[in-house]
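Chain nomenclature is as follows: A, B, C, D, E and F, assigned in order of appearance, with residue numbering initiated at 1 for each chain independently.
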Amino acid sequence: MEFINELVVAALIVVGASFALVGSWGLVKLPDLMSRLHAPTKATTLGVGGALVASMVYFLALNGTLSIHELLISLFLFLTAPLTAHFLAKAWLHSQQPKDLPQPENRNWSTFDAGSERH
Amino acid sequence: MTHWIIAPVVLPAIMAPILLMGARHDMVLARIFSIASTVALLGIALALTTMVSDGTILTYALGNWVAPFGIVLVADRLSVMMLVLTAVLALAVLFFAIDGSDRDGRHFHALYQFQLMGINGAFLTGDFFNLFVFFEVLLIASYGLMVHGGGPARMKAGVQYVVINLVGSTLFLIAVGMIYSVAGTLNMADLAVKVPHIAAGDQALLQAGALLLLLVFCIKAALIPVHFWLPGTYANAPAAVAALFAIMTKVGAYCVIRLYILAFGADAGAATWLAAPWLLPAALLTLVLGMTGVLAARRLGQLAGFAVIGSMGLLLTSIALFTPIALSAALYYLLHSTLAGAVLFLIADLVARRRPGHEDGLSVAPGFTQLKLLAGAFFIAAIAATGMPPLSGFIGKLLMLDAALDSVHAAVIWTLILGTSLIAIIGFGRAGSTLFWKSTGEPGSFPEHAEKNSLSLIAIGLLLAGCVGLTLFAGPLTTYLDATAEQIFATDQYIEAVLGNTVLPGGSL
Amino acid sequence: MEFLLSSAVGLLTAAGVYLVLRARTWPVVLGLALLSYATNVFLFATGRLVLNRPPVISPEALAYTDPLPQALVLTAIVISFAMTAVIVVMALRSFLESGSDHVDGEDQPVPAENRESTEGRA
Amino acid sequence: MIEYAIYYAYVAISLGLLLNLWRLFKGPGSVDRVLAVDTMVINIIALIIVYGIQTGSTMYFEAALLLAMFGFISTVAYCKFILRGDVIE
Amino acid sequence: MSLALIVILPFLGAILPALMIRAGRNACATSTFTVTLLAFLLLMTHAPAVFRGEVLQARWEWIPQLGLNVNFFLDGLGFFFASLILGIGLLIITYARFYLAKEDPMGSFYSYLLLFQGAMVGIVLSDNILLLLIFWELTSLSSFLLIGYWKHLPEGRQGARMALTVTGAGGLSMIAGMLILGHIAGSYDLSVILQHKEAIQASPLYLPALLLILGGCFTKSAQFPFHFWLPHAMAAPTPVSAYLHSATMVKAGLFLMARLWPVLAGTDEWFYLVATTGLITMLIGAWIALFKDDLKGLLAFSTVSHLGLITFLLGLGSPMAAVAAVFHILNHATFKAALFMNAGIVDHETGTRDIRKLGGLMTLMPIAGTLATIAAASMAGLPLLNGFLSKEMMLEEAAHTAWLGNDWIVPALATLAACFSVAYSFRYIVHVYFGKPAGETPRHPHDPPFGLWGPPALLVVLVVLIGLFPATVAGPLVATVAGAVIGSPLPDYHLAIWHGLTPALGMSAIAVAVGLGLLAGYLKVRKLWSAGPHPEAKAMFQAVIAAAVSVAQKITHGLHNGSLQRHLAFAIGAAVVVGFGAFAAASHAPGQRELLPAAPVAIVVWLLLVGATIALVALHRQRLVSLIAIGVIGMVVSLAFVYLSAPDLALTQISVEVVTVILMLLALNFLPKETPVESSGGRRLRDGLIAALAGIGVGGAAWAMTTRDAATLSGYYLEQSVPGGGGTNVVNVILVDFRGFDTFGEIIVLGIAALTIYALLDGATRGAVGRKLAAWVPDQARSADRHPLMLVVATRVMLPLALMVGAFIFLRGHNVPGGGFIAGLVVAIALIMQYMASGYSWAAQRMKVDYHALIGIGVLIAAATGIVSWLADYPFLTSAFDHFHLPIIGEFELASAMAFDTGVFLTVVGAVMLALANLSRIGGLTETPVPNEGPMEPDLSATHPREH
Amino acid sequence: MAHVPAQTARPPLLRRWFPHPLLSLALTLIWLLLINSFSAGGLLVGLILGIAIPRLTSNFWPDRPKIRHYGKALRYILLVIGDIVVANIQVARIILFRPVASLHTCWVSVPLSLTNPEAITVLAGTITMTPGTVSCDLSADGRALLVHCLDAPDAEAAVREMKDRYESRLQEIFP
């Protein structure tokens, strides 16, 4: 049983760390910001997620203490990761002003739509 | 147990938030509170004076934790004297401020009380990290006061003042760290006990730390080459604030007196009289450069600033001799130079307000209201500041010359003190005759709308009266100061008072 | 480990000093921030470097690191934060007032026509 | 076994951090750098969690929690600055 | 007592004229006169005693530690001078009443005059040399005011400053000399010092003391080469010249030489210094006087010459010479004061003092002419007048004086000086009162009113009386005074007109003859004079001062050029020098502590820090990037804290970091976004060098420190934390309990910071800055999206979550990492995020918290926690805690430290919010404020009506 | 801490005390997560905070989002978690093994049927967290979402999948 627990913990750690590394590698490898944005938002979330679950299992199973507060960090990360990406994308859109964007039906994307300025 | 010792810290610390909350929108109320608090501070300081005048050293263990583990406040003759000086100066300056300049920006009175809290705390604390905290309190309050009212020149000078002091604070922490790392204590008395026993191999760290700390105090005391902040700051600060700042330089001097006699004085083993060889040349150079600046100044405020630098050089020269008699002389001069320095800034401000377009520039301008009154005040202040008879500056100088006679450097010290006095006389003479004697003849445009500035004049009068008082009561005062100096040199008394009932656990962790 | 920490402190100090000596308020503020990191770590190091022995009393713990420097550093961090905030805003206000964020300025000279005439020099 | 996993994790996350640092240097734009730092924050959180497992201490959890919260907020602030200049308007 | 009264009266009386001037000019003058008269009469009451040879004393302690006491004594010398000062003072006061014009402020004139008078009397009556110094310098100050009395005249101001500078310098020299003298004698009391001749003259400090004291005397008494200030002091109104510059102040130096004569005189040093100086001064003064066209200038140089004469006599060191000196002091005072007043009359009546424009006035103003003739004849040394008598005595002494073994040079020079003296005296008479007028004078002269000629007439009467009956009129006085000077039995002498055919008589005769000859050939002599070089003292003095000022300005403005960089370079450079210097000077041994191994992850973290730091320095010109780099550094530092067992620090560092970044971003909005390259390569190299040294220093210190074993107090804290402080998180217990006072100060720092920021920003909303802000155009393109919807929604969820975390961190702080400070930051950041998401005005509308009050309440709560301990008579901030047990809930702890921590929490929230909210508020000034009611759905509401 | 803006009418008592009952519950749970243990005292404190904090912050969240089907919401969460795992693996594979040149990156505009801001936010978040897509911007009228695809040879299909897989489910959850 203990071995299984250890195995699970070790596996989670390894998987998490691997994802962290892959995410960072993507950050270096991918050619432009929008592509790079895909890497860390996913890979690192799962990376940290793996480590967090590993921590929970570790403390619960091997240390005998119930450690569930890691969930909270996960919650935060899952809540914020898309927002971060969203904002980075908007910032990039604003600073690069790309020309190849699809246009929405009525109004422009809010980053550019001066009409949404309410004064 | 007397709780009065902490009152000079707690009272303004309570008064400031009350001003912040209760009297924020009512200037009259704020002024009343501010004055009441400052008067009370003076009363408390005087009460403490009577308590320590017999040589008692009062201590106060905060949180009931014994020194050196807890923070301790120490009231001895020196610290209490500084409290009295602070209160007197603060009260006089407050009169000047409530003449209208407190309206120029927000929160003047709250910042003022916090400023007093910081200064008083610095004088009382017996713990050098707590000293850092109070330094920061008084500094940050001074930042707020310095830029009170704003304006491009003031803001620019303010930035410089803050940056220099932030670098100073950085240095303070590094120095504290170095000392703590080998002495393992933050209590000044405990440090004094431990310094003689610091291993030879640790001396370099200890002494480098101690001397860097000295440098920090010298920044406050505006000693060369770390004095650069002062002229710009004082010349651009609101007058009331510049006047109050006269005590800030003394905080630096106070710390030098306190720490480098107690912990690095006669019984400090390899670190005996650590500060002296560094301090004396710097002080003498400061004296020369300060008075040179007096001669070179183009504005009255600038002149006053350089006069303060010069006076700090003189003060620290006497301190750097590290003898009781020289210290006593230095303390007298400290009292004097604080009042004399402050009043110059107030006069400069009233003059500047009356010379639109010229301000306090040493240039020929139309005459103005109350010219004679201000000329008279300036004349007296200049006498005090240059150390001409019969005012306290002269007596202070005599005391210091007399005390320096035993030094091996007497010839140099005398030559520089007297030589710079002459430079100061010339400088002040030039300034006074230009400002008050020369005028373009036509009456200024200002007189019709001139305010009488009665409260400001009262403030100036109070400070000048202080100088006169120092002169008249020089006899009893020097008796007190001699006793004070002796008490400072009798470091055993201080250590006994602070650590007397503490059994120190031996060894390191 | 000690070398890593010392060299890091040294580097932070050096970088801080270099930036503090620049001619605009912004790098000066950055330099001050670096210096405050350096001093905080320095002060922290007076308690010596200890791994995994946080100063929280517990029955399992065998030893603790020196808590005092940590308390001091905490105070120092807060104070340097306050100071940084003030200097940033002051730099801002100064820039708004004068339109320049130079710190390498000259004194404003007294206008020539107001200067002392030759006789005034005596 | 866990020990080895932890060592692996240290190496992997450290490498990741160094890659983030490279991106921070390289840029080219501010947004790239913000992204680099944001990733760095997440890697550091992972590092802290792994350290917590290694030392068997829960003492460091709050550090990770605050990093998660504040890393997000500063990223948003940087982006808001790039977008609007004014972070709070 | 009455001795002191004599001194004090003029000082007290100095207020009178300033007040009485309101009652009119006569009242003003009368009050001044009365005061002086009173003092004079008081003095005279002591005359019998003095003439009996008694010495009166009055003593009060002032600063006994220093030896500066208010001791007065009155002997012959003091009496003589005091009489001169007060007696001539009475005449001057009378004269000035008529001399001063209507527009001259008479009140201040008489006030200054009385101040001066008091100071002079003080000098001559002091029995304490330090007290004497005070009066000495007071004469410099009051004469500064008097010379500069006509402040509209540049000559007045310059003359005043010159006099102040020279006599001030002398005074300083005197201070040094006196202190040394007192040091040798062991007392500053004159009467004691005068007993120590042997000790003083044997001391190695004798020569320095002598030089320094003479420095004071020579400057005051206008001895060569310090004589130049006196003629320029003539810019003063004539009464001042007559009083100060002939009768009194210039004699102060002589007085002091006479006073100290018993202990200082009689040595070779004394002779060669004093007598030589006197002789040269006598000669040069007389020579220059001959060519002065200004009446007062002539008199001034004549005074210089006569002062030299007296100095010469005192310098001889023989009792006989001393007698002569005393006698000449008296005589000179009479005729010179009379002549000054006469010059004033001429000026007053003709409107000019230029001899070249004057002539033949005898017929127009016979009284003045007669008086002038007699007085000038006395000055020339013609028989039957008092000047003759003392000059004879001088020549007699000179005739017997050898100088470096040469016994003709002194008599020759003395005679030569006498020749010039005769010449200029007669020039005064002949060129002014006789001959024909050189041209029209500005005013038509006639004899002045009695008020103007009466006082000089009185003096001229004395001139004649003493000249005729010296032994009767001046004999007792001279004897008494000379006795006081010499301090031992008087030599055998008698004052008489005829001493027989002495060498002196011959010298006098030569002098008269040659003098008249010089006057006869005046034009030729004058050509000779004109051909020679005339060092113009005034120009030289001004050049020296100007050079000094210029040097001072170069140094001062060169050093203090307002450059912060320079200030910092000096400060940091000083720290480097002090740090390395101190380290090198003391003993150092490498540490022996066992080092921690460097784990690979630590190395990586270190690499991160190094990389981020290098990135920051390299990219610091891009300001946003620099801020990002700073963020990384802060994060790495907090990671280091985590690694090195400091969780509290890590939490604090992380929280502080965010707030700092947001704050700097808010500021950066208005600041330039790039830093231009400005410093030269050399400058960067210099800065790099300083930086490297500072880094090596601090890093080296860290290394030295961390590699040696620690001495620490921490054992106590670890032991006491739970039983004494009631908490297991020792760091927190230290913060809120052991060293709670630090924390108290710390939150106040934070509070003040917020107030300062508030004041700074509030000020920026008004005035010029406010207008600038209103007109501000963003320097970067702005995206259209003010409040991105996703953030608004997410914030709604995150705010409660973050507050929960804040509460958590607050409540647990005492036992595990956390506490009020960090909790406060967490809560503040959560609120700031709300501001960020929804905008300032929207959020502010919904959060009507007075942050000022929050700070205030926080500080008050913290203070109150401290004060409560007083009730139990425990010191401030003494904590109390206890464990309680409640059903269901179980055991829990309540500690007063929690209340303190609450204060901390509130202050932190208040301070951070006040600062950030106001910083964002000024951002709002730059545009028309729009109350955004629903920041969440800018346009959604238009397209999709909400269901709520 | 917060005051109710004057213009809004006073909501009923219960609504005032429990502006977001679900939030209160969640916060209480989170509290238990935070203190990392379970005790009566802890629960009590959690409840107090769980009630107090939503009340204090209710001004910032004026309107309570209605959730129609809690069961569907839970199922949605599980679906997304599963997708996230898949997304990570996909992206990891792309990063590690695909040459950059072979990627079909493209922008797509996803027209929205959702109107509820909370729902739109959840959708955008979901899109970002799941395979190869990042939601980058919302149109100014809130009717379309700009999405960047890392590797989408068929843009139309990608849009369709997003709408079918997530948006339709969200429409059922949020009214």
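Things worth noting here:
FYI, a residue touches a chain if its C-beta (ideal position, glycine included) is under 8 Å from a C-beta of that chain, and two chains touch if they have at least 3 such contacts.
These numbers were taken from a predicted model, which means no experiment stands behind them.
The fewest steps needed to get from chain B to chain D, moving only between touching chains, is 2. Of all chains, the one whose mean C-alpha position sits at the greatest distance from that of chain E is F. Of the two interfaces, A-E and A-D, the higher number of touching C-beta pairs belongs to A-D.
One inter-chain figure worth recording: chain A and chain C are separated by 34 Å, centre to centre, where each centre is the mean of the chain's CA atoms. Chain B and chain C, compared by their mean Cα positions, are separated by 24 Å. Here the CA centre of chain B is 61 Å from the CA centre of chain F. Centre-to-centre separation between chain B and chain E, using Cα means, comes to 16 Å.
Among the residues of chain E, those in touch with two or more other chains are 157, 161, 545, 549, 557, 560, 562, 564, 568, 572, 599, 627, 643, 647, 668, 698, 701, 705, 709-710, 712-714, 717, 738-739, 742, 746, 749, 752-753, 756, 760, 763-764, 769, 783-786, 788-791, 794, 797-798, 801, 805, 816-817, 919, 938-939.
Residue positions 23, 25, 37, 45, 65, 67, 69, 72, 75-76, 79-80, 82-83, 86-87, 90, 94, 107, 110-111, 113, 115-116 of chain A are each in touch with at least two other chains. Multi-chain contact residues of chain F (touching two or more other chains) are listed as 30, 34-36, 124-125, 138, 140-141, 143.
Chain E meets chain B in the complex at residues 61-66, 68, 108, 130, 133-138, 140-141, 144-145, 148, 151-152, 157, 160-161, 164-165, 168-169, 172-173, 175-176, 179-180, 183, 545, 548-549, 552-553, 555-557, 559-560, 562, 564, 566-568, 570-575, 578-590, 698, 701, 704-705, 708-717, 720, 724, 737-742, 744-746, 748-749, 751-753, 755-756, 758-760, 762-764, 767, 769, 852-853, 855-857, 859-860, 863, 866-867, 869-870, 873-879. Put simply, chain D touches chain E in their complex at residues 10-11, 14, 17-18, 21, 24-25, 27, 30, 33-34, 37, 40-41, 44, 47-48, 51, 59-60, 62-63, 65-67, 69-70, 73-74, 76-78, 80-89.
Those residues of chain A whose C-beta lies close enough to touch chain D in the complex are 6-7, 9-11, 13-14, 16-18, 20-21, 23-25, 27-28, 33, 36-37, 40, 44-45, 47-48, 51-52, 54-55, 58-59, 62-63, 65, 67, 69-70, 72-73, 76-77, 80, 83-84, 87-88, 90-92, 94-96, 111. Here chain D touches chain A in the complex through residues 1-2, 4-6, 8-13, 15-17, 19-20, 22-23, 29-32, 34-36, 38-39, 42-43, 45-46, 49-50, 52-53, 56, 58, 61, 64-65, 68-69, 72, 75-76, 78-80, 82-83, going by the rule given at the top. The residues of chain E lying in touch with chain D in their complex are 599-601, 604-605, 607-608, 611-612, 615, 622, 624-625, 627-629, 631-632, 635, 638-639, 642-643, 647, 650-651, 654-655, 657-658, 661-662, 665-666, 668-669, 778-780, 782-783, 785-786, 791, 798, 802, 805, 809, 816-818, 822, 826, 829, 832-833, 835-836, 839-840, 916, 919-920, 923-924.
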